[in-house]
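Going by the order they are written in, the chains are A, B, C and D; count residues from 1 in each one.
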Amino acid sequence: MARDKMLDLEDAVAKIEDGMTVMIGGFMGCGNAHVLIDALLEAGTTDLTLICNDGAVPGFGVGKLVEQHRLRKLIASHVGLNPEVGRQMNAEELEVELVPQGTFAERIRSGGTGLGGVLTPTGIGTIVAEGKQVVEVDGREFLLEKPLRADVALLSGYKVDPFGNIWYRGDTRTFQPVMAMAADVVIAEADMIVPLGSIPPEDVHTPGILVDHIVKGGDW
Amino acid sequence: MARDKMLDLEDAVAKIEDGMTVMIGGFMGCGNAHVLIDALLEAGTTDLTLICNDGAVPGFGVGKLVEQHRLRKLIASHVGLNPEVGRQMNAEELEVELVPQGTFAERIRSGGTGLGGVLTPTGIGTIVAEGKQVVEVDGREFLLEKPLRADVALLSGYKVDPFGNIWYRGDTRTFQPVMAMAADVVIAEADMIVPLGSIPPEDVHTPGILVDHIVKGGDW
Amino acid sequence: MPTTMDKQEIRTLIAGRVARELKDGDVVNLGIGLPTEVPKYLPVGVSVVLEAENGIVGAGPASITFSARYVVDAGGKPASAIPGGAFIDSATSFGLIRGGHIDATVLGALEVDAKGNLANWIIPGKMLPGMGGAMDLVVGAKKVIVAMEHTNKGRPKILAECTLPLTAVECVDLIITEMGVIEVTPDGLVLTEINPDFTIDEVREATVAELTIAEPLGSMV
Amino acid sequence: MPTTMDKQEIRTLIAGRVARELKDGDVVNLGIGLPTEVPKYLPVGVSVVLEAENGIVGAGPASITFSARYVVDAGGKPASAIPGGAFIDSATSFGLIRGGHIDATVLGALEVDAKGNLANWIIPGKMLPGMGGAMDLVVGAKKVIVAMEHTNKGRPKILAECTLPLTAVECVDLIITEMGVIEVTPDGLVLTEINPDFTIDEVREATVAELTIAEPLGSMV
């Protein structure tokens, strides 16, 4: 089980090709995979579809991907704190799909756990429901929201062991556990690489079987 | 936040009335709320609907509730290791509803998280699908499995703080985190009562806001 | 007299009145802005558990124990977990929210109407911050309290029918403004308390939706 | 000669052959009974990660480090987590299973048919153990390997069409018995390897479903 998944940063971001769909966890930049984002910018990768809760803030985290025009499309729940998102959207340089935050989490979870989608009361009677299937269960209406998946997920863990088990510090966990299940390739940056077995099995937040590659993070 | 939720065992099981629906976590008896089950037997409560993964084994955990004829109905995924379940079922003393284990977990999760149900590929083309709605998503068929809720959930935690935060040891966690969200009243037995703040916030498995009452467990 | 209250006095009045809606032990989610001031005004003996939808149950203010690099609140500001608090993932957080495990949510509004419909996330062509967690919160929380100034620079925000895209339908339970407290009932809006600085006519003038006046009408201060 | 193999030799043969289907690093869920013997026969250099659907990723044998009071495998027997293993809740465990994160599952069958339909959880009126995790496993695992004796005391179990209630439709990829290895293809069942103790005719006689014989036909031992 102790196979080493460590990869150089450049080799890791080389897995991401122009035009791919990428998931990045975190909230308003906190918990973003900052080191991987910087390497991705360095690599020049572009035309990406980003699935991330928000556009962060200018100059921080995924906000940099927006600023440097690396995104074709952003799927998020909130973009208000990064005015550049709105500007690019109005200039038709960036497509934005807004998803209620709870639905956003569940759509990713569905994508990673083999479910056909989510039946949620959220969005019923609003423009979010437009064009979507409504399913009635015991007389109550639910919106069918479809699964989300990505080519690559970029995670940020505090403690990561060589097998890829992740422990997230503070509330950086956010969407990362569901994203770890919903992407074809999962790359985690580790603030700390810890020995195998040093995360108690009960406290592993993301099991290592979901993580393909690990890079050294923390330096941002 | 440090309100004390401790309750005497008898007062705790008095919350459970004849005819109620009760959820109990664990797997083949491991992780069952053994102390609460014994107190429930003592209290004489009967005619219960039990939502538990299995019937455990004779003389152990929820197996005792079966043996002592306290159940009207059992909703479970597996009953093969407790022959008494089959005997009572054939004698029409006990109604048994079998649910695939993954669907069982998700139905409870739906019940606790306000979703309209689960869209699962599991069970399609089998007798499990009989009488159930099939929803097509992008050309693939999914079974709509409805939410499960209970009047009371009985949990078994290893470390529990006075606010009700729970840390489960080993693989006793099972269905307990989803059950904690899907019952009107949640009672946890604690192998160890630990001081508030002693479970690191990242490692709380069930947040205390979900737990109504705590009893001292461990002694079985 | 309305003109005697400055912005901060208005916020204080509203946040103070919201605080009296909360019961000891309530689990509460507070929107950004004015609602975050509510905890300052909780009566003695009342403490609530703050939930931040990005993953804190038992959220607290920024503290040296918790690095801002790893802990922020739902506004993206440095935060902490209080002793006994928990950090959870977003799917679980919104499970709590959608599943009815939050006793109350307090948030602002662009418009509210007679049926309790709420609009607070988009002004087409002008402002598109996104709904964030608001749509889930107002659908899932047991009690939805709108805390806002009664008008937008004199333009009524409490309407017969919302004109902006909705956040959710028939979701608001209570509206608390600097003019009074309005309950959403199946029969429409009921003014249950008034700020004695205003007359009933003044409140009605600042409100497009029809207002029933409770008997007796309480004072909000 | 078939009659020369006793039960344990049959189990050893089947488990040994299943072991050669697994690749280094595979995440594998093993059903109770025969499949649990597979890890003993893994070739040198091949190690797999065992998933137990009740919540262990990286399951190991009973050990003094882990109390049987707190750790059991999917058969309810004392177990452990290996270094680097994780304990997870059931919703997450079946998320892994349904979501295609398990490379292979190995389980027994009452019946399998030409389309890869599987029946292994109920004999109406006789045996009703319940499906447990089997329905999810065979729908979700990337590769479904049925490991079983070729017949039930001479009565064929590999049929043209299953007669018992199904576990899932068209889910089986590979059938491994003491007589040979059978692949389920869109064109039906293909015998790819044979136990040299048997002739093709003997295998066909013990199999109701039509069998295509691979060219060249390999040896399973």
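What we mean here is this: a residue touches a chain if its C-beta (ideal position, glycine included) is under 8 Å from a C-beta of that chain, and two chains touch if they have at least 3 such contacts.
Not measured: the values here are computed from a predicted model.
**Student:** Using the touch definition from the top, what's the fewest steps needed to get from subunit A to subunit B?
**Tutor:** When the steps are counted carefully, the minimum from subunit A to subunit B is 1.
**Student:** Looking only at C-beta pairs in contact, point me to the busier pair out of B-D and B-C.
**Tutor:** Ranking B-D and B-C by C-beta contacts puts B-D first.
**Student:** Determine, using the mean of C-alpha atoms as each chain's centre, which chain is farthest from subunit D.
**Tutor:** C
**Student:** In whole angstrom, how far does the Cα centroid of subunit A sit from the Cα centroid of subunit C?
**Tutor:** Going by mean C-alpha positions, subunit A sits 29 Å from subunit C.
**Student:** Centroid of subunit C to centroid of subunit D, CA atoms only: how many Å?
**Tutor:** Taking the average C-alpha coordinate of subunit C and of subunit D, the gap between them is 56 Å.
**Student:** How many angstrom lie between the centres of subunit B and subunit C, each centre taken as the mean Cα position?
**Tutor:** Computed from C-alpha means, the inter-chain centre distance equals 35 Å.
**Student:** Would you mind listing the residues of subunit C that make contact with two or more other chains?
**Tutor:** 56, 87-88, 94, 97-98, 139-140
**Student:** Among the residues of subunit A, which ones contact at least 2 other chains?
**Tutor:** Counting only residues that touch two or more other chains, subunit A contributes 106, 109, 114-115, 120-121, 168-170, 173, 202, 205.
**Student:** So, with touch as defined above, which chain pairs make the list?
**Tutor:** A-B, A-C, A-D, B-C, B-D
**Student:** Touching residues of subunit A toward subunit B in the complex: what are they?
**Tutor:** Within the complex, subunit A touches subunit B at residues 106, 110, 114-121, 133, 135, 137-138, 140, 142, 144, 146, 167-170, 173, 202-203, 205.
**Student:** Which residues of subunit D touch subunit B once you look at their complex with the stated criterion?
**Tutor:** 52-56, 66-72, 74-76, 79, 87-91, 93-95, 97-98, 127-136, 139-140, 165-169
**Student:** Contact residues on subunit A for subunit C in the complex?
**Tutor:** Counting only subunit A, the residues touching subunit C are 27-31, 53-54, 57, 76-81, 86, 89, 96, 98, 100-106, 108-109, 120-128, 158, 168-178, 205.
**Student:** Write out the stretch or stretches of subunit C touching subunit B in their complex.
**Tutor:** Residue list for subunit C touching subunit B: 25, 27, 47, 49, 51, 56-58, 81-88, 94-101, 139-140.
**Student:** Okay, in this complex, where on subunit B does subunit C touch?
**Tutor:** 1-3, 109, 112-115, 161-163, 165, 181-182, 196-197, 201-202, 204, 207-210
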